[in-house]
Amino acid sequence: MAWLGQPVLVDELLFKTQHGIVDQSLHARMGAEPTNGDGFGMGWYGAGDGPAVYRSVSPAWADANLRELAAHVEAPLFLAHIRAAIGSPVQQTNCHPFRHGNWLFVHNGYIAEFDLLRRDLMLAVDPELFTGIHGSTDTEVVFHLALTHGLESDPIAALERTVGVIEDAASRRGIDGAVQATFGVSDGTNLWAVRYATEGPARSLFASADVASVQRLHPENPRLQRLGADDRLIVSEPFSDLPGLWHEIAQGTAVTVRSGGVLETQPFEPQPVTVAAT
Amino acid sequence: MAWLGQPVLVDELLFKTQHGIVDQSLHARMGAEPTNGDGFGMGWYGAGDGPAVYRSVSPAWADANLRELAAHVEAPLFLAHIRAAIGSPVQQTNCHPFRHGNWLFVHNGYIAEFDLLRRDLMLAVDPELFTGIHGSTDTEVVFHLALTHGLESDPIAALERTVGVIEDAASRRGIDGAVQATFGVSDGTNLWAVRYATEGPARSLFASADVASVQRLHPENPRLQRLGADDRLIVSEPFSDLPGLWHEIAQGTAVTVRSGGVLETQPFEPQPVTVAAT
Amino acid sequence: MAWLGQPVLVDELLFKTQHGIVDQSLHARMGAEPTNGDGFGMGWYGAGDGPAVYRSVSPAWADANLRELAAHVEAPLFLAHIRAAIGSPVQQTNCHPFRHGNWLFVHNGYIAEFDLLRRDLMLAVDPELFTGIHGSTDTEVVFHLALTHGLESDPIAALERTVGVIEDAASRRGIDGAVQATFGVSDGTNLWAVRYATEGPARSLFASADVASVQRLHPENPRLQRLGADDRLIVSEPFSDLPGLWHEIAQGTAVTVRSGGVLETQPFEPQPVTVAAT
Amino acid sequence: MAWLGQPVLVDELLFKTQHGIVDQSLHARMGAEPTNGDGFGMGWYGAGDGPAVYRSVSPAWADANLRELAAHVEAPLFLAHIRAAIGSPVQQTNCHPFRHGNWLFVHNGYIAEFDLLRRDLMLAVDPELFTGIHGSTDTEVVFHLALTHGLESDPIAALERTVGVIEDAASRRGIDGAVQATFGVSDGTNLWAVRYATEGPARSLFASADVASVQRLHPENPRLQRLGADDRLIVSEPFSDLPGLWHEIAQGTAVTVRSGGVLETQPFEPQPVTVAAT
């Protein structure tokens, strides 16, 4: 999930909401995995230089430090992620968000048969960036491919090329359905999100329809009632079961959230990029 | 779950079985909590003096060391436990089994409103044993009460007195339904199990009907096929959905498993014990 | 260590200083233990209600999340503590600071033969507060005794009574040298520190002599150069080897640091309090 | 440290010895780092298929599970390692020993400026083995290079080629003093150890002179007194300060310990191998 708007205690959206992300760590309804207990991470833009990242191998529901931070960190822009490991070890360096300079990256989904593709994809990463890969998860490699392909100048185009690289590598290895993804990216000012799958339905992705929706969600919450039209939430699963509050982002779509609550939508079209064989 | 019989790799019963305890940590069907991801513990009697205990705050399904130990520890007698924390912190000292000398203790259930009873019950523990309480969970206090009341000479009678102490303390505080429990105890030779609730249905408890059952469960497993009539399993949830393999232990019952696969059953009747007010 | 003054990134005092507390976790020179690698904690007063507490069982030098928080948490008042466990388990609930409402508490030192005194001292805690004890360390019990004896209305007097309770209990058990301590306390507005030992020299304690000292310590640090006369540091070990920068607090002394950089000193005199035998 | 001989409780050599490896984790005297608190690992050959590996990010001195395993695991062949991280994250996948099939590998030392060499060296790993690299430490890459170069058929020759590969890659990047190492390897039958540095003195390495030495070290230990001439210890630092008990392995030397306590020595001479530029 991601928030862009006025400064808010992380708590309001992590713990104090109906069916929030911490609740989803125990009981997700729309994800591929009902339990997402293999670690947690959040990144935020606040005091100090660049974004802060807190990552933990504990399940989100059981991490005492996460409750502390949520209750005491206030930020205008943050991302949170719960993990269900698919093969790779449960370690902090495999937890999202991943960071490079001012950029944060989260991914809900997977690269198919990543074990077979890992070497090809790591070789396709800019050698200067290679040493920034500390863990063993597919997402960290995807992030470094996106950095290689210009994430910092045009995030959506870079992700389109990145998906192109992965699909090309997969097809040369005879792997189908290479990419299953929602991606979330931020540079501290804007927020980008992508919903895409090479084959079949992509993981779910929703944007808050407008601030009035958020206020209706929490009529009892004075902090949220004070918020204005500039605030925007992007989530994998709606926080509430009430119909009408959330706007589903269509498959094959990229969205840009700019400060001021502006939400722009465009098609997400992978660009074929061929990686030299090695 | 508990095993008493010929030496077996823990793996066979932890990971290599249908709907085993590690699988239950993600998807329990009969427990109060579908997810039991707040730590894990196992104790076994093998090389060295007294029982070994391995406890971890990781979910059982994600603990790399647990997989290693399961695959390489062989024992004729062991207990394993998965935890769903109800309020108390997720820390190793709150994970079962608890140990005192040669004795191991596990508990599936809870003491109602333990926060209100904790001081009364800790005062009721033998002062000599008090300092052996390292964590903050109800089960560790129950175990020390049982030690106070003679666990090492007559385990079932000691547990009957312990439940009596707790029910008395609860009734003086106006707390209903004080004890919800299956207990498992071992001294390295025998195994005892209790199914009891002060009110309403107790947590489920099953014994393997006979060794032929276990063999039918794993016709493909040559190690299990080699086992004899002396082997016995006690579990909270049957490992398999096949009918006929498991024998449900009735509520209000204590069982004793002796070496040789002998299974004795007796009523479990709490003994009123009044703790002096403080 | 403790800071009271203008808001500062925790980093400046934790990582970016010569011989700071994280460096001390590996190489303490004045403490009883050269290595303090058994966990870490910090508490701060900032966004959200009451103080935040981050506690970790990792050594301070190796905790990636601590580096993140230090670089991104800014606060006008915070306490940090490194732990060398003496017998009690390495778990978050044994890490300092301890918290009750708006109050934070840290302790460098020990209660002699705490195992023998633990029950007596826990019984001397107000029964209403008993359930707030989650770990097994001496300091958490000391803190709850201080709360029992009025910490929230007169911190130094409460600590004098608390030390009296402990020394009385120890003397009845024939234990010498009961208390070895520097204590640090805050309510979010003021800071109190105590240096005391029942027998022999107490652990070291220093206050920053004046803000000019801190500025001389970091001539290259523009943030610190901007600070005014209102800022004050209390530390177990001076951050720098330069003479003249630190003011040693005499044994048997309590200090009060008020906002505005005011530092008041008074004798610390334990008050005999007899706990009823049980 | 490594043990090959009759089955022994790990405890005897880990905790019950004067200046053993757990003690060294707090107070090493001969290593480059006096504190080795960034994790621990041990591997042993016992029940079950292949070696077991237990790895932990806790300092060895504080890991309750390590004490349990040491006291209850008995093996004729085991390796233990304490880690002082140099840059790479403290995570289980960076802890030694590393394992492949029946093989275990530990390394005390470093590859100079590994960040600059990591990509070159990972590319030099057999693509089939690449996906077995789960962490980010130099040692895991060294191990996979050794597997690439025939560790399983001729361990010392494979390590000579591996060091050659690394020195070649380093020299092409203008990096001096590429390899600083003692290596330990086992296949469950034999034990190999290497002491080598590209430049300057290598980390220390010792072998137990003969079984009588070990017995003199523990005259009070009946288990050790029962051992015969077949037992052999390899250690980075002698367990005892008594002169005469340990045999220093010369720099630039490889030793082979065979069952029966046979100790063979040969020069260790890196073989130049050029890795294709990429």
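Order as written gives the chain letters A, B, C and D; numbering starts at 1 within each chain.
Please note the rule applied: contacts are C-beta pairs under 8 Å (C-beta built on N, C-alpha and C of every residue); 3 or more make two chains touch, one makes a residue touch a chain.
Because the structure is a prediction, the values reported are computed rather than measured.
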Shortest chain-hopping distance from chain B out to chain D: 1
Higher-contact pair (C-beta pairs counted), A-C versus C-D: A-C
Separation of mean Cα positions, chain D and chain C [Å, integer]: 40
Sequence positions of chain D contacting 2 or more other chains: 64, 89, 92
Pairwise touch network: line, ring, star, complete, or other: complete
Chain B to chain D touching residues, read off their complex: 9, 11, 44, 46-49, 52-56, 64-65, 68-69, 71-74, 92
Residues on chain D engaged by chain C in the complex (per definition of touch): 26, 35, 37-38, 57-59, 62, 64, 85, 89-90
Partner chain C, residues of chain B touching it in the complex: 88-89, 91-93, 115-116, 118-119, 122-123, 127, 130-131, 133-136, 278
